[in-house]
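Paired with chain B in one complex and with chain C in the other, chain A is shared by the two complexes that follow.
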Partner chain A sequence: MAGFVLRRLGTMAITMFAVSVLVFLLLEISPGSVATKVLGPYSTDEQRTLWLEAHGYFQPLWVRYGDWLWNFVNGDFGESVRFKVPVSEILWPRLANTAILGLVTFAVMIPVSLVLGVVAGMREGSRLDRAISVTSIVTTSVPEFASAVFLSAVFVFWLDWLPGTSGMAEGFSFRELILPVLVLVIYDMGYVARMTRASMADVMTTPYIRTAILKGLPYGRVIVRHALRNALIAPFTVIMLQINWLLSGVIVVEFFFAYKGFGALLLEASLNQDIFVIEACAMVAVFVAVATQTIADVGYAFLDPKIRFG
Partner chain B sequence: MARERPRPVHPYVPELEEQLRTGVVDRRGFLRTVTLLGMSAAAAFAAAARITGEALVPKAHAQAAKKGGNLRISMRVQEMTDPATFDWTEKSNVARQMVEYLFVTGPDNITRPHLCWRWSASDDLRTWTLGLRRGVRWSNGDEFNADDVVYNFTRWLDPRTGSSNQGLFASMVTATDTGKRTRDGTPILSKSMTAGAVEKIDAYTVRLHLNRPELAIPENLYNYPTAIVHRRFEDDGGDLARNPVGTGPFLLKGFAVGEKAVLARRKDYWGDEAHLDSITYIDHGDEAATGLAALASGQVDLVHETAVGQIDVVEAIPHARLYEAVTAQTGVARMQVDKKPFDDVRVRTAVRLCQDHQRLLDLAHRGRGTPAQDHHVAPVHPEYAPMPSPKQDYARARHLLAQAGHAQGLDLSIDCRKDPPWELAVAQAMTEMCKPAGIRLRINVMPNAQYQDIWNKTVFGFTAWTHRPLGVMVLNLAYRSGVPWNETHYSNPEFDRLLDSASGMLDVNERRATMAKLQKILQDDAVIAQPLWRSVFAAGHRKVQGYTLHPTIYHQLNAVWIA
Partner chain C sequence: MNQRMPSAPARDSAVRRAVRRVALLRESPVAMIGAGIVLFWVLVAVLAPLIAPFEPNATFYPYARPGAGHAGGGTFWLGADMIGRDILSRIIWGARTVLIYAPLATFSAYVLGILMGLAAGYKRGWVDEVLSRLGDVLLSFPVLVLYIIVIATVGASGVNIVIAITVAGAPGVMRIVRGLTLEIGSRDFVAAARIRGEAAWYIMAVEILPNARGPLIVDACLRLGYVTITIGVLGFLGLGLPPPDADWGSMINQARGVAMAFPHMTVFPCIAISSLVLGFNLLADGLREISLRD
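Let's look at the complex of A and B:
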């Protein structure tokens, strides 16, 4: 087991290293354009040269990369061009905001989608199964920007029940979280429910479940004690991957509702070519992607005895 | 030394009074010019009332203003390090509540004194004497005086500052040869303030000495990068957000780029105290619908700007009110005249001839505005010279293209911002209109921030220009040879000469004659294809009182209160 985990961690480190080289090359290969971004279009050539010299841009590329990586590992991500403060001052609060949004979304989405999936999978082909399956497909196929507009039209403009933006300008508010969470839950719930349903339906057709039912065990006990444990292995991986999806998938929702999270930060940094923020966001996103993948792999191997740690 | 006092009445004022009496100028034109010439606003209104018999004071408001409350405004909160280099109105709107201007142009397009309480111009309009208001204190306790004004002018006109004010006050700038040359042998000139252009007469009087006559000094001094900062601005860090020292009615209490700015009423403000306790600017990002959603659900009281396509949404919100201002705001499909294929005037003219201006206005801006005429002087400008509207002429466009060696047609690409949507709609309509002449126009849509980076570099782009109260102001900023915002690289000595002349003409009718020539030159040289002049809109809650939408969407909030 320890060897397996170590190998996965090694793969994770190599992936991160490869991405860091790519990110650095893509954004910093041309020092002149970095200086223009940082100092603005009205800066003079002389100012740019001074800035480049002061920040070591005349050194060889590999030295610059080494310095950049060292600073990065030590938490120094540079200064944001747009915000005029160190990137870490913005990045961590924004990540925390997205974590709050993600946690609330998961807290609602996971129980609802698991229950729906299990209920649908218990009796494959039943009227309830078909109703849940069709609803899941419909909600998952509506993109977030469409459901955001629709829900906003109904709950903000028509019924006037909910706040239209979620910027938390007057402090944290659960009411402002409702619409973004609703949009994310509606989109993601159907997917997880469908995966759970498929897994549950598979388990329900296995001989040991049939045997348990034929033995005369109460149906509820068969489901809870025998079926669920095996049926939830596949959804576990899917749910882990949703963390990764959330980090980038929230861009649309955060932008639409002006929620000050990581997704909106990444989008605005890209639009404003705020390169040090883009670099930090890209590295964080990659870290979350490979970390969740690693946790999913390790967890899957742990939950499913059929997988050998070889 | 005896202190010089500005002369109270300019010799031209009696003639203007006569012109108002005989109907040669209207009331607004009269007020604009006499206040520009140093008559106080009160005296100007009184003189107009005496001549026309109209009421001196507008009808009293039905309700008395109520003190208190927090006004929440949905607007981008951008960095605001240095007012001299502001390039977005939004930056100036937060700063405007803290730092002030020497003059203020109201929503009625009339310029009035502010930090400068009276002024006079010499008869030749080359010497302007500014008498500064006494008793104005900076928020750090220092007294505002002539040193502040001299410091700001010196900073604006220093090429190292990189301020667009250098183009605005071109009459105070001298170009010197650096001895260096560009690759094609053109001498590289360094532009800096003419020696002695700003003179401190005494602690409260400053005199400007111009290289040539200039009419719009007061109006220029309310252009958004001309906010007056403290005389130790750079010594104290050169960052208004970190060291918010100002003379204005509000103090900065909180500032986070991309999130919000909080301002609180200043107790020791020199002028009339504002009604509001505080103002909160809330950043809702670039998504246009978000501000209206915030207004609909009562999260904000005012939305900075509303796109023409959202008027229906505003009208559907029961508690919302739509504000509209007729403006000289526009967008120009501008061509760099020194780059291929636009270095050939026949190509530029062909592009211009493809436009049907009225149809572009109808398609892109729901007909709300006025068709433009490709010379960047608006009908709302006092010196606008009426001209026949340009006609779409495909036969001539094809002929010119063939002469220029493009008989088989021409492929062009125009850079255009994604927002506001009307700009893209114009570009799309122009694409269709260009087809019959054989011009295959491709649109390169880019995010706003990226366009901001290349707006003055791209060979062919669609650039939005804000409202300015006088026609000569925008021509000085955008089409004079070599000024920083000359995005077309247009350079025409005859045009510059006439512009010098127009910028120094007091008489609106006389200036109009010169403007007719300038407008014609710009049209003939086909530097821009300009589809329309647009109205601008904003939305607010009905409980917001006393707010008037300024044509440039400058937030003047001293008289605003919440019912």
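Let's look at the complex of A and C:
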């Protein structure tokens, strides 16, 4: 088990290294364009040369990459071109906001989708199962921005129950969180529910469940004590991998509702060519994605007795 | 030469086989509904110049509500946008945009992914190792983050969107093709072809790939739906095709500021894109059901 965890951590480190090379090459391969982005399109050649000189851009590519990586690992992400402050000063508060959004989304999405998936998978092919399956296809077909539009049209424009933006201008407000969370939950729920359903339906056909039912145990007890324990292993992995999807979803939702989160920051930075903010956001996003993938793999191995004792 | 020109009876049976395969759709109502929705949008896209009531880029009556009449004749059935362009006409022409770019991007992701997957699964060894690791790295990006940094670097245009979707989509296709190739590659008929002395490309293209088509067709439908969403999202985020041509995502982006007062500007394009994606997803679901039944 310890060897497995170490191997997974090693893979994670290698992946992060490769990602950092990719991000660096994509954004910084040509020093001239970096200088233009930092100093603006109306800077003179002389200004750009001076800036490049002062920031060590005339060194070979691999030296520049080494310096960049070293600063990055030490938490120095450079300075935002647009806000003229260190990137970390903007990044961490934004990331905290997104973490709140993500946590609330998961707190709602996980119980709802697990219950739906289990109920649907308990009696495969029943009318309830069909209804839940069709609903989950529909909800995963509606892109996040579309359900944001639909929900706003109903709850903001028509009923006027909820605020249409979530800028949190007067401090934290739970009401402003409702629509963004709802949009994310609707989109992600279908997939988790379908995976849970498949896993549950699989377990329900195993001989040990049939035995438990035939020996006369109450049906509820068979579900809770026997079926769920095995049926919920696969959804655990799916839910962890869902964090990767959520990182895409928050970009759309934060942009739509003007929520001051990490995804909106990445998008604003890329629309404004704020290069060091883009780099920092991209690296943080991939780090979160890779870390959750690693946790999913290790957790799966830990939960599944076949692997744990194997 | 002879290979390129199939004789008449061979072509006939190929057509008949295709017809029979399409007729299989009748076995699944879900697939039929999905195919119907997709076909509807394909027809709308093809017939756009004939059925669109107005010029999609011409400006008439800003902020017209749905159903408002036009002084010069005609009705804005779905209203008009901030600068007075007819929304119904833009949705009709927008179907063209999405039904050109989504299949194009999906197809090019498939070509690259199939080449990589066949190479990795058939050659194995270091080729497999390198390609699989590369795929893992690309797949570890949250996909929208990858699109945003690529498009922010190379700029938003039709070609760049296709390139970004190809790069982001190919690793997923590669994984599936690699798995199928590993499985099919161990069958007897592949060994027989190898003993016959066939070239590696021949075995991959003629022996392995046609036998992997079932799961790939289902995956392609799902991926088409997903790419449709992606193109919509990029347009919505302001990273889509340059204006003024109609594209559903960009319509929503442009109307975002006034959407709270004039929801018709955003709601109808959203219905359009959601229904098309639903069509692809239902088709994929139905096809999977049919393929599991055999």
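In this text, the second predicted complex is superposed on the first by the 307 of 310 C-alpha atoms of A that agree within 3 Å, B and C clash if a C-alpha of one lies under 4 Å from a C-alpha of the other, contacts with A are read in each partner's own complex, and residues count from 1 in each chain.
Simple rule for what comes next: contacts are C-beta pairs under 8 Å (C-beta built on N, C-alpha and C of every residue); 3 or more make two chains touch, one makes a residue touch a chain.
Since this is a predicted model, take the numbers as computed values, not measurements.
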In the superposed model built on chain A, check whether chain B and chain C fit or clash. clash
Under the stated touch criterion, name the partner, chain B or chain C, that contacts more residues in chain A. C
Using the superposition on chain A described above, determine whether A:Ala282 touches chain B (first), chain C (second), both, or neither. second
Touching partner for A:Pro143 - first (chain B), second (chain C), both, neither: second
Identify the partner contact of A:Phe83: answer first if only chain B is touched, second if only chain C is, both if each is, neither if none is. first
May I ask you to decide whether A:Leu25 touches chain B, chain C, both, or neither, giving the answer as first, second, both or neither? neither
Go through the superposed model and pick first if A:Ile251 touches only chain B, second if only chain C, both, or neither. second
Tell me which partner A:Gln273 touches in the superposition: chain B (first), chain C (second), both or neither. both
After lining up the shared chain so the two structures overlap, which partner does A:Ser152 touch, if you call chain B first and chain C second: first, second, both or neither? both
Which of the two partners, first being chain B and second being chain C, lies in contact with A:Val63: first, second, both, or neither? neither
Return first, second, both or neither, reflecting whether A:Pro163 touches chain B, chain C, both chains, or no partner chain. first
Superposing both complexes on chain A puts chain C into chain B at one of 4-12, 202-210 or 256-264, namely 256-264
Can you list the residues of chain A that touch chain B in one structure and chain C in the other? 149, 152, 156-157, 164, 255-256, 270-271, 273
Chain A-touching residues of chain C, taken from the complex the two chains share: 133, 136-137, 140-145, 148-153, 225, 229, 232-233, 236-239, 249, 252, 256, 259-261, 263, 266-267, 270-271, 273-274, 277-278, 280-282, 285
Touching chain B in the complex, chain A uses residues 36, 40-44, 47, 82-84, 149, 152, 156-157, 160, 162-165, 167, 169, 255-258, 260, 264, 268, 270-273
Complex contacts: residues of chain B adjacent to chain A: 72, 78-79, 81, 85, 159-160, 162-163, 239, 241, 257-260, 280, 282-287, 289-290, 292-299, 313, 316-317, 447-450, 452-453, 456, 484
Please output the residues of chain A touching chain C within their complex, sorted ascending. 14-15, 18-19, 22-23, 26-27, 137-138, 140-146, 149-150, 152-153, 156-157, 164, 244-245, 247-248, 251-252, 255-256, 266-267, 270-271, 273, 278, 281-282, 285-286, 289-290, 293
